[in-house]
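Each of the next two complexes has chain A plus one other chain: chain B in the first, chain C in the second.
So, the complex of A and B:
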């Protein structure tokens, strides 16, 4: 019964996800791309933030590495972004390895880790602003080529939609694979009690570095994708700390323990902010962020584990209650 | 060149007063309730807008507006503690981080919705006054800011060091349970600390008004420096925050003149990262 429900749910989800572009509604498509990208970056952040419990406020470094690598290579050397993406991802992994090497090894955890990554992101912004080849403070414009597969440019938005959809699916699968494997168990252990995990022989630093590098890898690919989608990048909006915060919100709101958490969180935030924009127009500036802020406060104060966990707990209680009711009723029937 | 460096030293020192006011509050909050307040910069920004509105509507000089801004912000601090931080006592530290992040988003964007993103400033004569000491210029507003800022920081330090309430606060910082068991009203300590920590931002905002252009994003300019100062000095240490703000101010102003381009901003950041790696506990340990 439960298994059949699950199959139905999956089929409906797949049909909706794949069929969305056929609605031919550019507003819905744009919103869906924005929500999926948000979900993707939140999934990338969640590998370190959720699974290892280390809050990175510097994922913009990796997003920037991806965006700048693919864009720079394309503009200067004509290298296809399809190749540039991997160069950016490689640079991001190396950066994450270096950052992880110093921070994790020196036992900078929790708030310290958050603040070091925040400071490093700020440094990345200043550095890029001072490199003329990367466009300095003005940023880089990618020349428009119309539909050119080699240049990863498409006039139809639905192509971008399918790309980012595939990225979300891969990121969600990667998270689940890690979580269910040996590494996932070790991460659970070190997140809940690092000393205990260390005592039983969990290589804490190596595991943290692993997920941080994977997180950087995914973030950089996302950065390249976004650069190709908007065809413009600049240091201020790439490395802004509000961006780093934006990409961790969906995971927090949705839940960090299950792949669906960041995705549900992203769609919730996107839908809420877009309806606010539709309802009030552009007259109230910053309204989506106000709502984001309130949602985050409410979720942290009320649910602790995010919406997905809250629903799971509610469902379980509901089922238990139903089971209890049937037992009571059966006993009453039997005694009567 | 010597003049330039002397000027940079003076500028750095003068900036330390205002940085100190923000950092001392942050370190106090961390000390007594283990909260790193990501809304600290935005609370400062809100104080500046209150001061701005008082100036534009009632023509109250920013320096006089402290008498209204400080109580208003102290009240905000108590509300923040009472409604958001107290219910989260005992929750993982990430919960407090996220809630204060949420508060900072709400505050920044509420101000954006009301006032827009335009830069604003108040025109008061003091903004153009300056004293000359040899070849070095001491802008009056910065000098007053330094005197008030450092004065308030030192006052808080002496208060925590030598008064009965200070002893009680330090006891609550060291071991909350033991303090409560020996009859200390820890709840009162926390409320008063929140009021002081955020109230000091009111002082800072009034004294910043003649020197800065106001925008809803201005809080972020002070957030990262405050964090850096707090960590430099040792989290929870008021004395450390005072020294840290001087170190930060000097590294910032010297970096700006000695390093080409806008790369000078990197100097305090590098200092911060290196110090974290070498001595993560900061320069000073302890509660005051």
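So, the complex of A and C:
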């Protein structure tokens, strides 16, 4: 019964996800791409933020590394973004390794990690603004080529949609594989009680370096994708700390302990923010942001641990109650 | 060659010399009781030996391999593990998962960690409660779990910090049994900080007495019980009175 429900759910999800572009509704498609990208970056953030419990406020560094690497290589040397993506991801992994060295190894974890990554993201913005080759404060425009597969440009939005959909699937699978493996177990111990975990031999630096590097890898690929989608990047919007916060909210709202958390959180937040903007954006200045803020506060207040955790607890209670009712009914039948 | 060799270990906290030039050896398979009045430096000694508190000076070696300067996790993997005076289970996990976290660093896979953890739980008699939550365990079970974690970690030397405190006599007997079982079946070596004199005297092959951070005496329990310096430290009686 439960297994069959699960199969039905998966089939419906797959049909909706794959069939969405056939609706031929560009508004829905644009919203879906935005939500999926949000979900993807939240999943990337969640590897460090959720699994290791280390709140990075500097994932924009890696997103920027990806965006700038693929764009710069394409504009300056004509290197295909399909190659530039991997260059950006590699740079991001190296940056994450260096940042991990100065944070995890020097015991700058928890709040200090958040502060250091935030500061480094601000530094990255200033740095890029002062490098003329990277477009300085004005940013870089990617020349439009129409549909050109080698340049990773497509006139049809559906292609971008399928790419980001595949990215979300891969990120969710990666998170689940880590969670269910040895590293996931070690991170569970470290997150819950670092000293107790270290006392029984769980290495703290190596595990955190690993998930941070993977997180950076995913974030950079996302950055390259976004650059190809918008065909424009600039330091201010790439490295803004509000972006970093935006990408961790879906995980907090949806839940950090299951791959579906960041995805559900992303779609909820995207729909809320888009509807608020559509309804009040033109009439009352600032109201959409206020509505967005209130929704975030309400959800976080009502569902400790995120929507997914809250649903799981509710389902368990529901099933226990149902089981109890069945037992009572059976006993009544037996005695009758 | 002794298994654990501690030489001139000192730890200074500002003006306080918590551990003062402590030197001692532990043979493989030995149970060494570490006693001393409150504030004698027993817990600090354990914290230093397991890398949680960097010592001010001194060396210590396991099987000839120096351990100073290593992180707690590296020292555990080298073979010295501690339990905490205030128990530190992973509250949100089951008993089995707790032991799995301790075993995972030396496991090939999660399944292997599961197997190592099950074996450790069996040694301490927690197999029946492996799926229980930590909150539902008695104090004695929680202490047994701490020992299971130490055992699952694969270390050869286990430092037990007040693992019998707050237990009823029958539960103390269970802890003693567990320690003896682990020594016999796993060839583990123990350092035990304990205030329950009867148990520690009965269990230990040798006793190390600390006072104001320094070694006051080391020897067989029977000799320690008659040592005038030890009596003075504990009872405040002058040695020649």
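In the analysis below, the second predicted complex is superposed on the first by the 327 of 336 C-alpha atoms of A that agree within 3 Å, B and C clash if a C-alpha of one lies under 4 Å from a C-alpha of the other, contacts with A are read in each partner's own complex, and residues count from 1 in each chain.
In the analysis below, a contact is a pair of C-beta atoms (placed from the backbone, for glycine too) under 8 Å apart; a residue touches a chain by one contact, two chains touch by 3 or more.
Quick caveat: nothing in here was measured; it's all calculated off a predicted structure.
Asks: Will chain C clash with chain B on chain A after the two structures are superposed, or do they fit?
Replies: fit
Asks: After the superposition on A, what does A:202 contact: first (chain B), second (chain C), both or neither?
Replies: Second partner only, chain C.
Asks: What is the value, to the nearest 10 degrees, of the angle subtended at the Cα centroid of chain A by the Cα centroids of chain B and chain C?
Replies: Roughly 80 degrees separate the directions to chain B and chain C.
Asks: Name the contact category of A:181: first (chain B only), second (chain C only), both, or neither.
Replies: Touch status of A:181: second partner only.
Asks: Just checking: does A:111 make contact with chain B only, chain C only, both, or neither of them? Give me first, second, both or neither.
Replies: After superposition on chain A, A:111 lies in contact with chain B alone.
Asks: Looking at A:144 after the superposition, I want to know if it touches chain B, chain C, both of them or none. Which is it: first, second, both, neither?
Replies: A:144 sits against neither chain B nor chain C.
Asks: Which chain makes contact with more of the residues of chain A, chain B or else chain C?
Replies: Ranking chain B and chain C by residues of chain A touched puts B first.
Asks: Which partner does A:294 reach: the first (chain B), the second (chain C), both, or neither?
Replies: first
Asks: With both complexes overlaid on chain A, does A:189 touch chain B (first), chain C (second), both or neither?
Replies: In the superposition, A:189 touches chain C alone.
Asks: Can you work out, in whole Å, how close the C-alpha atoms of chain B and chain C get once everything is superposed?
Replies: The answer for the closest chain B-chain C C-alpha pair is 14 Å.
Asks: Could you pull out which residues of chain A sit against chain B in one structure and against chain C in the other?
Replies: none
Asks: Where on chain C is chain A touching in the complex?
Replies: The touching residues are 50, 52, 71-74, 76-77, 81-84, 88-93, 97, 100-102, 104-107, 109-110, 113, 149-150, 152-155.
Asks: Could you please specify the touching residues of chain B with respect to chain A in the complex?
Replies: 36, 84, 87-88, 91, 93-95, 97-99, 101-106, 108-110, 112-113, 116-117, 216, 220, 224, 227-228, 231, 261-263, 265-266, 269-270, 272-273, 276-277, 280
Asks: Would you pull the chain A residues touching chain B in the complex into a rising list?
Replies: Contact set of chain A toward chain B: 53, 55, 102, 106-108, 110-112, 114-116, 118-120, 122-123, 126-127, 129-130, 241, 245, 252, 284-287, 289-290, 292-297, 300-301, 304.
Asks: Which part of chain A faces chain C closely enough to touch in the complex?
Replies: By the definition above, chain A touches chain C via 180-182, 185-186, 188-189, 192-193, 195-204.
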